[in-house]
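Both complexes shown next keep chain A, but they swap its partner, so chain B is in the first and chain C is in the second.
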Partner chain A sequence: MNQIRHLPPGVKDFLFEEARRRRQVERLLTGLLEQRGYQEIITPTFEYGEVFLAASREEELKNGLPEKMYRFLDRNGQFLALRSDFTAQIARIAATRLQGMEPPIHIYYSGKVFRAEAQHAGKSREKWQVGFEILGDGGFEADTRAICTILDAFAALSLRQVRIAIGHIGFFDGVLNGSVKLASEARRDIKYLIERKDVEGLRLLCEQLDLPSGLTRALMQIPALHGDASILQRARQITAQPSAIAAIEHLEKLWQNIAEHPGADSVFIDLSEVEGMGYYTGIMIKAFAAGIGQEVGSGGRYDDLVARFGRAMPAVGFSFDVDLLVEASRNASQSGGAS
Partner chain B sequence: MSQSTWNFTIALAKGKLLPPAIEWLSRVGYTFDEDLSRSRKLRVPACEGGVTALLVKPDDVPIYVEYGIADAGVVGYDVLRESGADVFQPRALDFGHCKMVVAGRPDDDYQRFPFRSLVRVGTKYPNIAREHFQNSGIQADIIALRGSVELSVTAGLADVIVDIVETGTTLKQNGLVVHEELFASSARLIVNKASHKLKLDLIDRLLSVQ
Partner chain C sequence: MNQIRHLPPGVKDFLFEEARRRRQVERLLTGLLEQRGYQEIITPTFEYGEVFLAASREEELKNGLPEKMYRFLDRNGQFLALRSDFTAQIARIAATRLQGMEPPIHIYYSGKVFRAEAQHAGKSREKWQVGFEILGDGGFEADTRAICTILDAFAALSLRQVRIAIGHIGFFDGVLNGSVKLASEARRDIKYLIERKDVEGLRLLCEQLDLPSGLTRALMQIPALHGDASILQRARQITAQPSAIAAIEHLEKLWQNIAEHPGADSVFIDLSEVEGMGYYTGIMIKAFAAGIGQEVGSGGRYDDLVARFGRAMPAVGFSFDVDLLVEASRNASQSGGAS
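Entry: the complex of A and B
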């Protein structure tokens, strides 16, 4: 068959110069992480599928297995899956093999994740990620350290036209949970519309659900809550829910903590960002680089995930997309590296 | 480094939406030396530095924006929904109003369609049509057409069409009636997800004008 000369959609070969550029980005990132005291973990390319299921959202599991997971049976009929998420594997390792280690534990990894993305906008089904996790520290220190590590990484890559968006899932959850009891379907729809910043759709849905006017007003403002620390003042005015206020205060403190760090001017607050891994419980971070139409890295705090593997441990982490960073570096050097 | 110094590209749908889109942009403060509706150029710089308009077919607007080639775009909600593009859509604009409907022959009993083993649907919106009929329990054969969908019913290719109507004149001329209204549509401002973060002040400027 002709198949012998073709690749399936979503995967690529990288030849010579393109391979060199990827290795270079990998080396810069892992070199920086080593220098900052992170230690490498190499995880298997496939393992029992349940590990990745444990890190999946409830909605994804409702209709059977998560559709993006590459899964198969081994010869004994055991359910296996290709690595779809490093963090799930590291949570498993943290709960089992790192029990005796003194926290905080700093870890990094470099490798591929496999997700059967819909063939849309040239999305890859095999992504090369370099990422890090800080395990066993539930406080500001770890969140601050994570953000500073990200800023240092972009500096190491000589990428200056970048923006780091920091949100907090506790804000949205707080606003939504506070006043009324909503069906999980309604919550999902509201979240989806806020993810898409679809204010018009949100207005129609709130009308349809007959939400209290105060809640509707608050929800309608969320898609525009992004900017510098003054945004947090505005956010305070739209809600009195204790958990939402706690999220705002957390971000205020974090903002002060990182203010002096080199590159901090590329950081901004983004409470409109509610999309992320289902296991995020605190801050959510997304990184963007000039000329790249999607996020070049993402991460967040996940204080409940490790517990799903049998031992409670707060954690925060972030992963960079190597292919997109290569593209961003090329753009930057073509525009003369100008910032 | 101010974000405003960065280049900004906006994709505009050629056709009916173009004149009101240009008019809206002029209220935002972006004007063009040329009459874009008549221009044969595909890339037109605005009078204000750094802003460029891309003139593309409506179906292509979400694609340019999703890939980030255009930072933002103006396109009908009907086209956007059909495309399934992963973009932000922070604003409904007050032009290009229409409705997505199922229409067919006046003598057909639409209520009984779920009992039919097969309903043929002619449409320029196969994704919207497929989703709708899957949800409504009607077994449908979706026939994707490029234009003149009313003909598919009058010529006997399809039982119903899924299409947009503004005034209903075209339906009437072809002797068709609306069986069901699916949703209202109007022009939308759509924004690339990364541009939204990278060029926040320009996006906010677009959002500030009704």
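Entry: the complex of A and C
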């Protein structure tokens, strides 16, 4: 009688007003996306676990991502998994059922993702995401459009105390790969320390890994590379690697392109943003809201993912965390809505 | 590479127009329910499996319902299950978080339920349901209101070729329990044959079970007990059991009460409707649409279920199958929408 009156850790019931707020956020986001020409796809809540594993990278597989997947056996003894990532499912669909559609294809979705987060982290194990993907456009325009869609979405939500960080994994990869070939664990650890701005930890790790001193100096500067476009000038001074320079130029152009868009003042460049889904190949985007300790949204460019399902297709996407946005709206209204 | 391009049996992707139609059905149903004063509850996609087992009856447990539950272990080694039934979750919430709310409480929900149906049955393993519950009202009025809400919902969907069957488990239970104490398997088999109107099979089974001839004759008449209110007169002639008579009188009164409600001509009485969720204690409702081989909705009264979670509370509810309603709408529009 006791167990059946309680919920397991990491999941919740949302009653009445709590449900209404979530539906309101969902409706504002999906309404905006419809208006901008995105069309909905509804994917299954579970499917073959291989789909989600295919979207993981070696370092994530080692990082315990598969342990965060909820897995179970089908009646036929096949290994199924709860949806841990919408983008993996949409990549599968893009490679199969969207064959023959004229790109770019604009898609959105709304639903839950499931990850068995450690209990002490206090994270939800069921997260409601609304997100979009732009498929079949590898160009600069699609990145611009994605960022403008995100800005418009936050405007639709009337959330003003939001900050959008834009990084580019090509910068970090360029700095690193030009000099040395690292094991995936070392790469993962370096990323971890950069994101946490732990410059001293980074120095120690580089020492342990016996990295060249030039590379160590470059890596130690990355945690400070966030701010307005002027930091891109500083970034140019720490590397001459062509792919890192290409990433910087991409961000410079993007910065100019979105400058006039409403809400652009909430955007900043963050080259220290290096963690994210392992399949990102270009820009990486994270959204933060006042008083919320986790990202309220994240996304990026993934030009190699769809190919893992059998068809080459560049893409960029972003997802919003509905529960955290409800929390952010509540904070904003409690603080009088001042921005 | 092959497995990751395919979906497991029983689940589907819904793209663009297919998604749009489903959202439209969802919006029409939830809009109507909001208008009628129902408020939304969002429940977790998985929770302790015991919640769903508690809502099962001995005969269902033997009938393989637990095998249809998707079960898996949490990080902590606890047994979790995907939502197989919204009503079980809402009964849990009613017994816990809704303490102290003034009844009747009007609730609705929208989401997926998951059942590992046999593959050959061609049934979906993931079903999208929109449903409502009226909690805390054991009276006649709540049954009336539930049926009127269902009629209004089908009107909102502009689905005209719909038939609503109303039965009462108290009639069957009365006929049976007055005479004899049966094992739950025998009860289940008798129900199965009645629903399939297999009168000859029923005769053979009653013989095998060595039932009294009066009871056998009564049971063999049940499959024909469907139609307008006149069949309730015939039903009176086959039993004198007080609880069966009470069920008949309840249906007579209900029939009169809804007679003037728009859409009432789609309602019929069906005392041969005896199968349903094991927790039903009173009226049982099923909705059928032209050309659809399964019920497009079902529900009933469950006055004992909430008590299993620690608090006595009568209730009645109904759920609509969104995917089948989309199919029914398509059939209706293809046949020119004639009713």
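The criterion applied here is as follows: the second predicted complex is superposed on the first by the 327 of 339 C-alpha atoms of A that agree within 3 Å, B and C clash if a C-alpha of one lies under 4 Å from a C-alpha of the other, contacts with A are read in each partner's own complex, and residues count from 1 in each chain.
Definition applied: a contact is a pair of C-beta atoms (placed from the backbone, for glycine too) under 8 Å apart; a residue touches a chain by one contact, two chains touch by 3 or more.
As the structure is a prediction and not an experimental result, all values here were calculated from the model.
A.B. asks: After superposing on the shared chain, does chain C or chain B touch more chain A residues?
C.D. replies: Partner with more touched residues of chain A: C.
A.B. asks: Answer with first, second, both or neither: which of chain B and chain C does A:43 touch in the superposed model?
C.D. replies: second
A.B. asks: Regarding the shared-chain residue A:237, is it in contact with chain B (first), chain C (second), both, or neither?
C.D. replies: Neither partner.
A.B. asks: In the superposed arrangement, which partner chain does A:112 touch: chain B (first), chain C (second), both, or neither?
C.D. replies: Only chain C; A:112 stays clear of chain B.
A.B. asks: So in the superposed three-chain picture, is A:213 touching just chain B, just chain C, both, or none of them (first/second/both/neither)?
C.D. replies: Touch partners of A:213: none, neither chain B nor chain C.
A.B. asks: Would you sort A:54 into first (chain B), second (chain C), both or neither based on which partner it touches?
C.D. replies: So A:54 only meets chain C here.
A.B. asks: Using the superposition described at the top, list the residues of chain A that contact chain B and also contact chain C.
C.D. replies: Comparing the two interfaces on chain A, one with chain B and one with chain C, no residues are shared.
A.B. asks: For chain A, which residues count as touching chain B in their complex?
C.D. replies: Residues 120-122, 160-161, 163, 165, 196-201, 223-224, 226-227, 268, 270, 286, 288-295, 339.
A.B. asks: Chain A touches which residues of chain C in the complex?
C.D. replies: The touching residues are 1, 3-9, 11-16, 18-20, 22-23, 39-48, 50-51, 54, 70-72, 74-76, 78, 80, 82, 89, 92-93, 95-98, 112, 114, 116, 118-119, 126, 308-310.
A.B. asks: Would you pull the chain B residues touching chain A in the complex into a rising list?
C.D. replies: It comes out as residues 1, 6, 63, 66-69, 84-92, 188, 191-198, 200, 207.
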